[in-house]
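Sharing a structure, written as structure tokens. Questions coming.
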Amino acid sequence: MKRLIAMNRWLGWLTLILLAVSLWLVFNAPIDYQQGNSVRILYIHVPSAKMALFVYLALTVFSIWYLWKKSETADILVEASAPVGAAFALVTLASGSIWGKPMWGTWWAWDARLTSMLVLLILYMGIIAIRNGIDDPVKGARATAVLAIFGAVDLPIIHFSVVWWRTLHQPPSFGKTASAGPAITGPLLPPLLWMSLTFFLLGAYLILLKARETQGRRTLEHLEAQRRTHV
Amino acid sequence: MDMTQLEAVNIGHRFGQRMVLRDVNLSVTAGECAVLYGANGSGKSTLLSLLATRLRMQQGQCRLDQINLHTDGETARRHLIFVGHHSHLYGHLTPLENLLFFRDLHQCTSGRESLIAAITQAGLAPFIQQPIRWFSAGMKKRLALARILIAKPKLLLLDEPYSALDHEGIRWLNGIIETFQTQGGIIVMASHDPERVAALRHTPWHLNGGVLRPMGSPHPC
Amino acid sequence: MLKAIYRLAWKDVLADFRHRSTFSSMLFFSVAVLLVFQAAFEPNGQEAQRLVPGLLWTTVLFTTLMGLGRVFQSEEENGAFEGLLLTPLPRGAIFFGKWLGNLVLSLMVMIMLIPLTLILFNVNIWIHIPMLLALLLLGTMGLTALGVLLAAMTQTARSRETLLALLLLPLVAPLLIAGVQAMTEVINTGTLGGPWLNLLLIFDAIYLSLAPWGFGWLVEE
Amino acid sequence: MLKAIYRLAWKDVLADFRHRSTFSSMLFFSVAVLLVFQAAFEPNGQEAQRLVPGLLWTTVLFTTLMGLGRVFQSEEENGAFEGLLLTPLPRGAIFFGKWLGNLVLSLMVMIMLIPLTLILFNVNIWIHIPMLLALLLLGTMGLTALGVLLAAMTQTARSRETLLALLLLPLVAPLLIAGVQAMTEVINTGTLGGPWLNLLLIFDAIYLSLAPWGFGWLVEE
Amino acid sequence: MDMTQLEAVNIGHRFGQRMVLRDVNLSVTAGECAVLYGANGSGKSTLLSLLATRLRMQQGQCRLDQINLHTDGETARRHLIFVGHHSHLYGHLTPLENLLFFRDLHQCTSGRESLIAAITQAGLAPFIQQPIRWFSAGMKKRLALARILIAKPKLLLLDEPYSALDHEGIRWLNGIIETFQTQGGIIVMASHDPERVAALRHTPWHLNGGVLRPMGSPHPC
């Protein structure tokens, strides 16, 4: 845990530098002939969508780790990841909606991917709520971990929704499954990859930041309790 | 100042078909402490609940000074405190928040410092920041009793106040009760503990078959 | 007394709101209800506009219903509700404290819920939002009054939630129908008024004036 | 051990059923929900048939949700849940006891609910009733497993009902969708089968195998 | 037959960051009654919960004969009974139903008559048909203690067993404990009541600052 926290400052600077690079790339990328300038939303939307899923995956791993080893570090990481994941999910939904207005002519449609993404956001909120709602730290940690593991059922549904059901939403356009539909290629790809890397680091940075805050708060509470018992 | 006086006349109470109290007469004057003894299920808690206006009076009359407990519950409740089997505390609040809530709802004027002082007296100062849900039985009891210190009631109703308290807690409580007596307050208490009550200046009563009788000796059984 | 009402509402809701996420849970619960309706009914474009009043009202109903279970939950532990009844407050004040706390929370949820519903169901009636909100608020006032009353009524009964909902829904049906009709009128004609609105107001007046009184009767033993 | 599971289910449901008719209140609740939907949506003839699966599933969902709040309520008084954990039963047995009790209750409600819905919405698909019932039962098995687990999870939480509802809805959404689609298929084609039914079975299997295990983790101190 | 023996070695326990027990060693042999004294909040109940396998052992080891309480909770719970601050009773069941439920879940073999005999011994025969919700504090305590009579445990854990009992109840309980001792059972009890324990053959212990020490004189303080 200590080492992770020490890494955090470097991670912060690295994220900042990468962000500058990717933003430069994004604004120098060509404008899509169909989508016009609004295509730039892609560079926010896709990385944050990937991160929303990835953070949940990490959350599940942390939860299993917690239940198995009873490690407090795992618990702190679970607590720290939930709000970060929720933020990414919110950004995905917001950017998707804003993009959807010019592309599909509507803010929202109830197709499988969009719906399952909304479910993911609600799940994140549920995890945050149960973490805050139980006073007993051990019980709270355990409830959160079990809930997170149950919620993981939603992950494959989101990811494969575009494959399993015919949807409005873009099918996967890079990676192995990119068979159907127009793939993202050429000059659009590098900025997207850079941006994805940036978002990944940003996610890690935020989680560690939150973890540090959580741990600091717990230590403070402990010291406070000790001081009061001894006075 | 007038002498405070509690006067209960011919109180009767039934639950369903079962007559729990019959023709209970009880008169307590300022500075007096009436202790109710009686077997399990004899109706001590019922009598205290009636005096606390928690149960509706079915028969008889009861007045605290000029206030009729039966018809004027709101005024009566302003002058009495009841500490019962339950602590009436909120598990998710800290001791201080619990007392603040109590103070505001009882419209007492005591300041924040005097609440903190009460908590310290109860020996709970180290736990002032913790939600009371995880307090031990005795700690909850102490906090429930600390409420006596922040309101200035005329009438104090205590249902088995000694249970869960340790030796020192009992001394602390007896101290509070004595001070309260010298200030002219009235106490009615139910207990199974003659040994602990012995330290107090008190009048013992015995409740049996719904009938309340004064007890000759201070040591009952 | 106003201070005490405020204190009660504060304890139930605002304190909770300060460091906990009750509000966001209620909001996201209501979003989840919308999702369930969508999954279950799959309305198409034209249907959606016609369904909006029904969706809004049923969602508000279920959200309020869920919130009501919370009203007396904190009062259960340690017999805290009894402690509340032992304060010198009139029963009506306790009722209004509970009512206010719930109303504030519901209002906040509704402010977020209306635009969300319009976005999710892709209905373009943005200019009517203030009127929709006013209608929902009016409805919620009566709904919450009834709900708090019934929560108190069934507090000691087992199967509390079921019973509560059972009793609440038939009584609330007229209010709900009036609300749905009034809202349909707003969406179709753009004006607020007419017999359905009057009916809504009448129900509000009845529930709000009778409920505190009923509450007083219920909690008396 | 089977006897103990049966005993647990018995205490929760049958004893309750004997004295207090939880069953009939759940049934009335579900009818009230149907009425509310009718008032809110006012479906016409063709619409009604299309809406039936959605109506049935949402009603069952909300009725079960109401019932679930009750599961651990009787365990709260006097710390009875702790007593349950002090028995030599494996945690899984306690889970299945609770699950069974709830399932039986839901099943009884559903048996009455289906014909009532068909009558109220005037839809003539009587021959499909056994298949509808089988589908609802399948869905309820998973739903109840998840619900009991979440009820145990939120038992000690503040704003318990809200939290339970918030957690349950997103998790059952896939199950609900599968159920509605499978039922639509039954109504349209008269046959039970296809990918949606398989999905329903998969979710049942997942939830029923994971939930007892999760329950064991939750209640361990 | 081997002599039963309870052996706790180096038990430590912390809640969050607070160390409540440190290096507690306790050894009790058949027929012995260990009484824990200590101030409020000193950790007596915590120690009993650990022995009852309600809390997970964090440090140290504890065995009852060959059974490791830490790793083999289910077997251990078959041989112990814990009567704590809470009665662990169901308010909506009658005394007999409560005991039947207890018997089935603990897989005891005692017949219905012996349950009725236990209730009669506890002095509750007149109330055998009433739901225990409205029992007085002492009556509930008696019923909770009556469970000792129907299971035949090796280990009896009692947390302040005398509270709420009247004079006669205390005699009854002491009788039960004595019989249990002569049958070779082990008792661990927490109490604030040296006067009442005095009637028993017992070993006093004192818990202070998380450390458990044998006490020289049988009369502590």
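In order of appearance the chains are A, B, C, D and E, and numbering begins at 1 in each one.
Keep this in mind: a contact is a pair of C-beta atoms (placed from the backbone, for glycine too) under 8 Å apart; a residue touches a chain by one contact, two chains touch by 3 or more.
Quick caveat: nothing in here was measured; it's all calculated off a predicted structure.
Chains that touch both chain C and chain E: A, B, D. Look at the CA centroids: the one farthest from the centroid of chain B belongs to A. Distance from the centre of chain C peaks at E, each centre being the average of the chain's Cα atoms. The largest tally of C-beta contacts between two chains is found for C-D. The distance from the centre of chain A to the centre of chain C, with each centre set as the mean of the Cα atoms, comes to 34 Å. As a whole-number value, the distance joining the C-alpha centres of chain C and chain D reads 24 Å.
In this assembly, the C-alpha centroid of chain B lies 46 Å from the C-alpha centroid of chain D. Between chain A and chain E, the centres computed from C-alpha atoms are 50 Å apart. Counting partner chains per residue, chain C shows two or more touched chains at residues 20, 25, 28, 32, 35, 39, 42, 74, 158. Within chain B, contacts with two or more other chains are made by residues 85, 91-92, 133-134. Counting partner chains per residue, chain A shows two or more touched chains at residues 115, 119, 122, 125-126, 129, 133, 135-136, 225, 229.
By the definition given earlier, chain contacts exist for A-B, A-C, A-D, A-E, B-C, B-E, C-D, D-E. The part of chain C that touches chain D in the complex is made up of residues 16, 20, 22, 25-26, 28-29, 32-33, 35-37, 39-42, 47, 51, 53-55, 57-58, 61-62, 66-70, 73-74, 76, 157-163, 165-166, 169-170, 173, 176-177, 180.
On the chain A side of its complex with chain C, the touching residues are 97, 106-110, 115, 118-119, 121-122, 125-126, 128-129, 132-133.
Listed in rising order, the residues of chain A touching chain D in the complex are 67, 115, 119, 122-123, 125-126, 129-130, 133-136, 138-139, 142-143, 145-147, 149-151, 153-154, 157.
Residue ranges on chain D touching chain A, taken from their complex, read 146, 149-150, 153-154, 156-159, 163, 166-167, 169-171, 173-174, 203, 206, 210, 214, 217-218, 220-221. Across the interface of their complex, chain A is touched by residues 16-18 of chain E.
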